[in-house]
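Each structure below appears as structure tokens.
Consider the two complexes below, in which chain A is the common component and chain B and chain C are the respective partners.
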Partner chain A sequence: MLRSHLRLALAVLKRRKVFTAISLFGIALTLLVLIVAGALLDNVFGAFPPEVHHDRTLLVFNVRMSGKDAQSTSPAGFGLLDLYARDLPGVERLAITSTMREAFSYQGGRKQRLYLKRTDAEFWRVLQFPFVEGAPFAEAEVDSGARVAVINRTMRRTFFGDGPALGRDLEVDGLTYRVMGVVEDVPMMRAVPFADVWVPHSSGRDQAYRSDLQGEFWGLLLARSAADFPGIQSEFRSRMQRIDLSAYPEFERLHATPETLLASTSRMIFDAHDDPESRPDRLLGVFGLLALLFLALPTINLVNLSISRILERASEIGVRKAFGAPATSLVGQFVLENVVLTLLGGVLSLLAAPLVLAAINQSGVLPYAQLALNLRTFALGLGLAVFFGVLSGAYPAWRLARLHPVVALKGAAR
Partner chain B sequence: MIRLAGVEKVYRTDRIETVALSQIDLEVAAGDFVAVMGPSGCGKSTLLNLIGLLDAPTKGTVELAGKPVASYRDRDVSRLRNETIGFVFQTFHLIPDLRVLDNVELPLLYRKMSGAERRARATRALERVGLASRLQHFPSQLSGGQQQRVAIARAIAGEPRILLADEPTGNLDSQMGDEVMGLIEDLNQKDGVTVVMVTHDPRQAEKAHRTIRIFDGRQVAC
Partner chain C sequence: MIFHLLRLVWHRKRQSALLLAELFASFLVLFAVVLGGVVAGDNWRRPLGFEWEDVWFVGVRASSGDRPDEGLAGRDLVALREAVREFPEVRSAAYVDPAPYQHSQWMDGGRIAGRRVMWRMARADDGLPAVLGLKLVAGRWFSREDDPAGTTPMVVSESFARHVFGTTDVVGRDATSEQEREDAAPPAKRRIVGVIADFRQDGELMGPEHYAFQRAEPASGEMRRLPRVLLVRVAPGSGVALEERLLRRLERERPGYTFQIEPLAQMRSSRNATGLIPLATGGVVGLFLMVMVALGLSGVLWQNVTQRTREIGLRRAHGAAAADVFRQVLAEVALLVTLAVAAGALLVVQIPLQDLVTGIRPGAFAASLALTVFGLYGLALASAAYPARLAASLEPAEALRYE
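So, the complex of A and B:
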């Protein structure tokens, strides 16, 4: 039966060329946008080098301090992480990195804007950067406040061209760093590892940051396994409650929670810094809702097109009913036809997606973007095509399967 | 085989009530060949739809093979139609996007049957109506008479015990009409298929064992 229905579906699509072309264009465009959005999200939240331990990494992004009349939310201070996030049970490593900061270099008399991060040595162990040349800086350089730097491939080309880079000096914001490593570019969308230049956190002029509770740092907690997350979070929160806030008379409470990237992002977007619960599902819900809303219009359009297309085949429905087709079989047939149509649209969108993703990568709109049609994105595309097909086919199919056979045979279904 | 008792069919809209059939009592034995005649709009096709379980009576009972069908669920009615009844329509109602063989296979799609068996049965039915050489043609590539023969092949592919034909020769010239009637007679005589045929043509009605006349929704003579 399936083969017969498939053959018919393809024959109908071939016969109604204009309808098929319009439908395919709408479906392919919708799915293409969703696939590109999926690739973007995958690029932000997926496990790619250097973030290869996504599944067992917790992040401390923001710290909220609140009192009766005052409230302050900002990235964690180095002191908070250094003093209260070390030796947590279940944590294998703690890395501390600053947030990305815009900096300028006037090397060779040319102004170059770049993004700088200040990190510790563990940063290079928690994150697995692919090194093109040299090596990361270690505890010795961090402890001594050495002015050394790791740069990405693009900065290497910008500052040193084809010549050697290791051991060369690089001037950033008036300070001179010695280049000791070059890594592959990291997309800007990967907020935690991204920078153009990474230097030891201690290499600046000012050392007052070392005792701050709030500041410009993030903590990366590499757990032994995801099973350790609840214990780590509980111990961390309890440490936060024990912090002496007497130096901050306007504040009474301090909230900070180590969470996955998704949960942290959700907390930031919903400004829920003092929520004791992690709620990544809220963000997923928003993404899902946006995708559904985006799908709604073309789905309604396709439902209408499908209804008019199937109504033209009212007499076929009548004949099938006369010869014993149960309603479920008719629903299955017309849903299948829609799924075939949307799968064809899906194939078109999957063919177009690599071209669009490559164009975005090359455009520079998203610095160092490495959007690609990977297996996850491909599965998303196919899944969406089937979902879209069932969604837009089920209602017309259900409506038409309920047609009275006599009415259908007269072709007067409208 | 078919029994209608006190059957009435009324169509209602918000304002109008139309009595399509009233007080119909009819028995058709297995192997019988009944012609239904009457002027246009008298209720002939409605009667055929009731016998074919495509519609339900407003009043009265319809029995098929000794079973009253009023209490049947939709799925059971579908199965009964599929296994017991074959339809032939005046306008053929072939599916234009399907080849002849696929059209004839249609009733068999709703049975538990392998694809090979389905094709074999459909091919046999097409051989029976003399169209074995047209399996891969589309309906639009056939003449009207050939299309009606395909429709008959479709009706008999599932080997039903009842054939309901609604003006099967109405769209054909006399020669093609005779060919189609020959096939229907053959099915009745050789295979013992019970036939109920609506027709306007007295010449075709003569080929039936008996004729029922309907006038203004009422049975006027047997």
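So, the complex of A and C:
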């Protein structure tokens, strides 16, 4: 039965070539936009090396201090993480990294803009960077405030040509660092690992950051498993409540929550820093709503085209109805035909998507972008195609199934 | 004629409703894209109120303290400014915060002289007009005359003056908001000392916003918040070599500070790129959607015409010319577009009427509306042209026989 429906669907599509082409063009274009958007989001939120423990990592991004009239939101201070977030039950490792900062190097009489992160030694264990040469800095360098640096492959080419860079000197913001390691480029969209140059947090000019509650640092908590998340979060929050705020008379409370990248981003976008709950679904809801809004126009367009296409076959429907085919089977048949069409469009867009993604990578709009289709985005594309097919096929099918057989046989459907 | 067409459209109300929905959605998409483009173009051609060529941004940060401006001492800022002015290539140097093209804004607002006003604000020292080429319209810029404490001197933009006082002749007027009068202790007092041509801190893409400068001269003693950006006007053609020498000199002058130098020209291009990328993406996606709609419409109309072959044949047999049939098909489409445009326009005029989005000038809004209406008629009629020709070319005798 299904096979005969499929054969019929393909035969019908072949009969009206212009209509099929117009429909396919619209479907493929629509799905292409959504697949590219999906690939971008996947690249921001999905698990890619060096974030190999993505599924059991909690992040502390922002800290909000609030009082009656005052409120201050900013990345966590080093002190807040170093003094209050160590040895949480269920946490294997705590890594601390600064947010990325623009820095400049005037090495060799040229000015080079680069992004700098200051990290601790655990950063290199929680995140697994593929090293081209050398090794990360460890506790010895961090504790002594050594001026050493790990750089990415592009920076090595910029400063030292294609040869090895180990042991060479690199000047950044007036300080000279010795290169200890070179890693592969990380896309800028991966906010947690990304930088051009990583140096020990202690290697700067001043050491006053060590006791800050708010500042420019993020915490990465590597849990034993995702099942430990609730326990870690409640213990972390209760520690936050015990922090002495007497040095800040204008503030009464301090809020910070370790959570997943998606949940943290949702919190930042909705400015809900004092919400005790993690609500990643709010952000997903916004993405879904935007996708639906975008789908509205293509759906109406496809519905119009499908109705025109199906109305031609009124007499066929009349015959089938006259021979007693139930409405549900007719609806099923036409929805299936539509899904076959959108799946074809989906395949077309999946063929075109790698080209568009490669063009975005090449354009340099997103530094070091490595956008590519993977299994997740591929599945997303096919899922969207089916969803779009059912969405745009349901109404025309329902209209047709309701045609009176006599009217349908005469082919006088309006 | 119109009523007759309306009856024809009503006769096929289900299909017409769907076409109407498609045209309505297209109107909204097209309007959003056109509005974005028109507003950006409109902003782009207006004067900036300052000159960015050959001006460099020098960010000044004290190395300690958890908020960036804590620990900045007025003495140090004066010394740094003097050190920069010693360079022969440096024409002038002055503090301002936030600087043009910086991703940072300071908003203020309140009720002044009975008028509600929101404005963007910056703190600036006494030498800023020379660096940025600010144009004074009335009064004067800040100077030592303003040293005595008690009142905060302000220089406001023309649009600020016009909005609040209805004139640019506002030098000497009191610009204290009612809120400040009641809450602050001791009562704050702001006095306008000058008026400048409209200043657009965010650059070419910034919409119409009121602006005001407040005096923050580090040499004039204590103040709560010091400016963190030194703007330097250099000789044309100065390059990286001077940048590095400036940087080393500043680091030597005050080793506890960190500095960041960037030409305003660079900040300008990255700021404008950030503003234009969403517009360009929206434009490309919008264009694809419109192509899709045009193809879809002509497909549906083609089908529609084929279905009505006998009706058209009958008209021809009654003596209607081919041109009449052609016109009829186009007129029916135009009627649908008119309905969709009316509904869409009714919806989008709520934006200015309800004050939903600020920063759109009435002229730009009207131009976008007109362009969208024009564009949608063009799109729909162009898609209808081929089906209409097909209908007009039918042979009456064959059309009547068509099954």
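The working rule: the second predicted complex is superposed on the first by the 414 of 414 C-alpha atoms of A that agree within 3 Å, B and C clash if a C-alpha of one lies under 4 Å from a C-alpha of the other, contacts with A are read in each partner's own complex, and residues count from 1 in each chain.
Quick note on the criterion: contacts are C-beta pairs under 8 Å (C-beta built on N, C-alpha and C of every residue); 3 or more make two chains touch, one makes a residue touch a chain.
Treat the numbers as computed from the prediction; the structure is a model and nothing was measured.
Enquirer: Label the relationship between chain B and chain C on chain A in the superposed model as either fit or clash.
Expert: Once chain A is superposed (C-alpha atoms), there is room for both chain B and chain C without a clash.
Enquirer: Identify the partner contact of A:Arg320: answer first if only chain B is touched, second if only chain C is, both if each is, neither if none is.
Expert: A:Arg320 sits against chain B, while chain C stays out of touch.
Enquirer: Of the partners chain B and chain C, which touch A:Gly26 in the superposed model: first, second, both, neither?
Expert: Only chain C is touched by A:Gly26; chain B is not.
Enquirer: Which holds for A:Arg399: it touches chain B only (first), chain C only (second), both, or neither?
Expert: second
Enquirer: Under the stated touch criterion, which partner chain does A:Gly77 make contact with: chain B (first), chain C (second), both, or neither?
Expert: In the superposition, A:Gly77 contacts chain C only.
Enquirer: If you stack the two complexes on chain A, which partner ends up touching A:Val18: first (chain B), second (chain C), both, or neither?
Expert: Once the two structures are laid over each other on A, A:Val18 reaches chain C alone.
Enquirer: With the two complexes superposed on chain A, say which partner A:Arg242 touches: chain B (first), chain C (second), both, or neither.
Expert: So A:Arg242 meets neither chain B nor chain C here.
Enquirer: Report for A:Leu8: first if it touches chain B alone, second if chain C alone, otherwise both or neither.
Expert: The answer is first: A:Leu8 touches chain B but not chain C.
Enquirer: So, A:Ser329: does it touch chain B (first), chain C (second), both, or neither?
Expert: first
Enquirer: Looking at chain A, which partner touches more of its residues: chain C or chain B?
Expert: Ranking chain B and chain C by residues of chain A touched puts C first.
Enquirer: Look across chain B and chain C in the superposition and give the shortest C-alpha distance you find, in Å.
Expert: 10
Enquirer: Would you mind listing the overlap between the chain B footprint and the chain C footprint on chain A?
Expert: none
Enquirer: Which residues of chain A touch chain B in their complex?
Expert: That would be residues 1, 3-4, 7-8, 11-12, 15, 315-316, 318-329, 404-406, 409 of chain A.
Enquirer: Given the complex with chain C, which residues does chain A contribute to the contact?
Expert: 18-19, 22-23, 25-26, 29-30, 33, 77, 102-104, 106, 109-111, 173-174, 204-206, 208-209, 212-215, 294, 296-298, 300-305, 307-309, 311-312, 365, 399, 411, 414
Enquirer: Show me the residue ranges of chain C that touch chain A in the complex, using the header's touch definition.
Expert: Touch list, chain C to chain A: 11-12, 14-15, 18-19, 21-22, 25-26, 29, 63-66, 240-241, 243-244, 247-248, 251, 255-256, 258, 260-262, 277, 285, 288-289, 292-293, 295-300, 303-304, 307, 403.
Enquirer: Mind listing the chain B positions that touch chain A in their complex?
Expert: Touching chain A: residues 49, 52, 54-55, 74-75, 78-83, 87, 89, 93, 95-98, 102, 105-107, 109-110, 115, 154, 158 of chain B.
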